[in-house]
Amino acid sequence: MSSTYGEKIKISIFGESHGSGIGVVIDGLPAGETIDMDRVLLQMARRAPGRDKTATPRRESDLPNILSGMLGNTLTGAPLCAVIENTNTRSQDYGNLLSKPRPGHSDYTAYVKYNAANDIRGGGHFSGRLTAPLVFAGAVCRQLLEKQHIRIAAHIQSIGGVQDKRFHPTNISDALIEQLSQSSFSLIDKAMEAPMREAVETARLGQDSVGGVIECAVTGLPAGIGEPMFDGMEGAIAKAVFGVPAVKGIEFGAGFALADMRGSQANDSFRFNNGAVVTETNHCGGILGGITDGMPLIFRAAIKPTPSISQPQKTVDLQTGENTTLVIHGRHDPCIVPRAVPVIEAATAIAILNLM
Amino acid sequence: MSSTYGEKIKISIFGESHGSGIGVVIDGLPAGETIDMDRVLLQMARRAPGRDKTATPRRESDLPNILSGMLGNTLTGAPLCAVIENTNTRSQDYGNLLSKPRPGHSDYTAYVKYNAANDIRGGGHFSGRLTAPLVFAGAVCRQLLEKQHIRIAAHIQSIGGVQDKRFHPTNISDALIEQLSQSSFSLIDKAMEAPMREAVETARLGQDSVGGVIECAVTGLPAGIGEPMFDGMEGAIAKAVFGVPAVKGIEFGAGFALADMRGSQANDSFRFNNGAVVTETNHCGGILGGITDGMPLIFRAAIKPTPSISQPQKTVDLQTGENTTLVIHGRHDPCIVPRAVPVIEAATAIAILNLM
Amino acid sequence: MSSTYGEKIKISIFGESHGSGIGVVIDGLPAGETIDMDRVLLQMARRAPGRDKTATPRRESDLPNILSGMLGNTLTGAPLCAVIENTNTRSQDYGNLLSKPRPGHSDYTAYVKYNAANDIRGGGHFSGRLTAPLVFAGAVCRQLLEKQHIRIAAHIQSIGGVQDKRFHPTNISDALIEQLSQSSFSLIDKAMEAPMREAVETARLGQDSVGGVIECAVTGLPAGIGEPMFDGMEGAIAKAVFGVPAVKGIEFGAGFALADMRGSQANDSFRFNNGAVVTETNHCGGILGGITDGMPLIFRAAIKPTPSISQPQKTVDLQTGENTTLVIHGRHDPCIVPRAVPVIEAATAIAILNLM
Amino acid sequence: MSSTYGEKIKISIFGESHGSGIGVVIDGLPAGETIDMDRVLLQMARRAPGRDKTATPRRESDLPNILSGMLGNTLTGAPLCAVIENTNTRSQDYGNLLSKPRPGHSDYTAYVKYNAANDIRGGGHFSGRLTAPLVFAGAVCRQLLEKQHIRIAAHIQSIGGVQDKRFHPTNISDALIEQLSQSSFSLIDKAMEAPMREAVETARLGQDSVGGVIECAVTGLPAGIGEPMFDGMEGAIAKAVFGVPAVKGIEFGAGFALADMRGSQANDSFRFNNGAVVTETNHCGGILGGITDGMPLIFRAAIKPTPSISQPQKTVDLQTGENTTLVIHGRHDPCIVPRAVPVIEAATAIAILNLM
């Protein structure tokens, strides 16, 4: 109903933050293809907390244990299952959440949906930790795409209002894609790292948090991929990307700016370039009618600020029926945007592989 | 693969602009419920062109012929099929499109995907005309939602840069919803109709077109609807809404503006109000963790300008392999935003009914 | 929920016996392939009643009207919709069925499921008439399979206990497949037609009906088609074939006879034959582990006797709450087995194309 | 594509016989329901080998480790993942299978399908061992059904030609269901155990194996469950049951015997019984038009003899391209029918819960 994605490559994610393990089953992978596990682990490391000052203090090993679907480094064609153990989970921290839902979190909505039977500790199935198996699955899928010369990379478009450069809409080099997709603080303009980190630190000192925007590009996609209407590229990517916690908006190409353009500006002219059809501009983000046109596929996703903050917050007590105030103890990650970059890339890889 | 949506209520849309008919099959509707066909036709009329100066000159009767699934005005439980005949289609207009793809349209991407076998006339299966059966399906679904006191309405947030007021995030009256969902030029602030129409007329005189933003609200949704991760409300609505031609972005609640907020601003405080849990603000658009929180669900969709414009445009000739210029003859609708309002509402109704 | 089949090629069947039309939407067909409509109509004619003494007197034209998805005789890649008009439906015949369910029909179960709102006339959505669009869809799918040299044919294995020869398990000629798949009374041993027709006539004179068994073969299937576990060939075909009314059993290869064999008898030995791997026997029906082994795929389906008979039958009156007796007026088809042959072939074609 | 079942309750099975673990993810379970784990383990014990003389010598602990989805004994609403470790797997036994496919096994078909990349050891993903997570999933599903008074039990209808009694078609006591669903050698007539075991022992001494038939009943099902056409009860159960290795046929109610009946015999008369509608006979197996009629649902599945036998068998050498002979060393289970009983019950539980 919920934690599964895809018809061609079926992804089924399981786990709760404070259960004994989390993981993913991937069904439909092609037998005989090899997977470079070091590069999978690199992607998982990009997502893992605790690598720099912006991270949550909880340390995660996050090493996936492959239960099935691989023999050596080769896919066997059987469903691939990877499990990540949960360790070092201090459940006593979460006692009062059972009655006082944290603003901005899914505590209240999950409480209603699951009749108070859900595992609220650490956010349960809604925890950001569940993005670890998502990144694992995406890292496998992206390697399959790379064998077809399709590459995916995202960067931090903004944090707390501090902007990075944008992707060039029609010309994105392999070198840039390579650099971004390996970085743990992915930026086109490296000079923006310092002011972005400062914005995060300022928020942290104010017991607050910041959000941002992630811009993602896919290069090497041939024209003709995607389906009309409900399985178009935009819809398929959006469904996967909204599966990432904290995403509240997505726009393709010029996106919302298109609303204020005229048709004569917005339309991307077709031209021949060395025998290939290209467009001179790329306001459509590489997608027309839900189908790729051979230009870079580009989109941006809005990430809301981390809801966990140290300030006292107004909430309700579901047991007493009274308004109250909540203080969330412990240290909190004041900005998840850098770590969300590989998650957005992963969701994109899964969506695209399902349409190939 | 493509023109179908949903697991609980399966929508399957068929047809091409210049084939003999278009329509929809809706499988999974509840037997015994009654449908008010006049209200279905009202929704279809809101979408139909030719009702005012902004419309394409092609006249469509668009009267759906119910082949199955209803006996009188009662759903029988069998799949509901509605067919709309195509009449008055002048195919000779489209001859040169076979070799010269129109910028901003799906001509080129469909040509590649379908090996040049697709019916290019009028956009074929990618025609905006295919939104007629979508509105039909949505009009049926919304009546089923209304029986549970769930109401949907959208309005023109902007056209060509001219802005309407926004929905009040926590307080949207039934009267407003009722008014908007019946209007053919849906606005909260009626005074904006004149400047919006002027913006459209100015574009038209310049042989150009304009886009806009549509804002949609759903009221009466109980808390607890939606699934975690990939079948969350945002993803489900996004997949449906991106099925509407020309949509290039979607944002929920404060959307992209959340990226620049702090957590202390963005988090919506919970409060008791007459025994019910409400939030004081609604930056999350009524959705937390993919699940409704009982507040109005609000989102905005970006509509790109109509790609059909009368100006000469640069394109390629796929047969000669040379760059060329294209002039699209005939009169074109310089702004589809007003007519897209009921389509966005319809897609939303279908998405939500599938998650109930 | 119900009247749809397939993920790769999605079939959505609609209609009720006495509505204004029935039909099918087929989504996912490959653009550019040509379809020979005469051969589609031949299949539909094999299914249509009224061609000989065994048929129901109601005449059906059954000519499908293609609304979309084809341009000339070429698939466009858009969903293919075909509609068959319902004409000459005398609804007054069915008045008392509303309260007195016919034994062996779905009247009672549909009444309960659909809260008495279903269209009971002629069986509604459960009518055998709904097999017409199924045969249409199968006829399209089988032509796509034939382009890959995969051929399907079935024959009447038995009617009322009178047996035809069985398929040779390892050697089925193209000529036999060709002959069977065009016949309206498909038999390997033509000499059995007379005794079979006599069995039907005897039943008819006794105001009774007979059932039978249909045996179906698929030749030319390469090894390696099918998925493990729930999407194996057996399960996929069974799901499609049980979609045909009156089917109550299915067995592959030696089927139920395997239960009484020893492993040494049942196992099919592998041998090389001109460089190709073949099996010496074919007790498994061409399927091992849900996957084809390159030998002919063979199965049998049990068809129960037509439930409509002229004898008085015991039933209940749902309105009065009393036991009663029902006489179904009009003439009834005392044996649908010959006409079910192309329906079984069609269901098989749809199932297999979805696994290719 | 393959190892997943269901839309409402999604089952995703993973693992290979000689990988590090096997298991299942179950998505869509209702939050707040309790599961009795002892009764789950009882079902798993019925399937596990090594409990009596008929079993394979490999010992399995088969204790499932619940990674997520339960807190104590309560379902949290998040996907339930259970993992069973693989231990004591001696892979060296399987070396020559890589080139010499075992007759009756999926070695050859998997070799072709997966381009020789599949894990052939112990049958890999096709191993009967994968029925352990299937039984786990079924044991959870059947407890949810039991809360609605729906009960499932199967028995050994025959082994090697030795027959048990059949279920009474219209009257199956709770006591019988209870007894059968806990037994590790499920029989209605206990006196048949000795001759059945003798048939198995005779086969074993002849270095051979035997198959059988399993009969399954579901009681307490209300009328009106199931969908028309492709999601009817028969098709849904068949798809699940053919997911069990070695099943080659299925028949509902009187099944293939219906083919030789007349309509007047086959039709089940409706009668009122204490205000409830019942049928006097139950040739249809409790299903009309794919929908339950409130009577016991009854079907039989044919199980082919275990393909692993100690006799030398003819096969091919895929590496040398020559015909050869294969001897499978080690001890083999000469009859899996008793252990297949709980697997058939489990598949049935999963299928039915998906249609509720």
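To keep things simple, chains are lettered A, B, C and D as they appear, and every chain counts its residues starting from 1.
Everything below uses one rule, namely that a contact is a pair of C-beta atoms (placed from the backbone, for glycine too) under 8 Å apart; a residue touches a chain by one contact, two chains touch by 3 or more.
What you see is a predicted model, and the numbers here were worked out from it, not measured in a lab.
The minimum number of touch steps separating chain A from chain C is 1. Annotation: A-B is the more contact-rich of the chain pairs B-C and A-B, by number of C-beta pairs in contact. Look at where the CA atoms of chain B average out and do the same for chain C: the two points lie 39 Å apart. Separating the centre of chain A from that of chain B, both taken as means of CA atoms, is a distance of 27 Å. Across the assembly, chain C contributes 1-4, 13, 78, 110, 113, 125, 228 as residues in contact with two or more other chains.
Chain contacts in this assembly form a complete graph, since each chain touches every other chain.
Across the complex, chain D is touched by residues 1-5, 13, 101, 103-106, 108-110, 112-113, 125-126, 130, 158, 160-161, 203, 206-213, 223-232, 234-236, 238-243, 245, 247-256, 258-272, 275, 277, 279-280, 283-285, 287-294, 302-309, 311, 313-316, 318, 321-323, 334 of chain C. Across the complex, chain B meets chain D through its residues 7, 78, 228. Considering their complex, residues 1-4, 8, 10, 12-16, 19-23, 25, 27-28, 31-32, 65-69, 71, 74-81, 83, 110, 113-119, 124-125 of chain D touch chain A.
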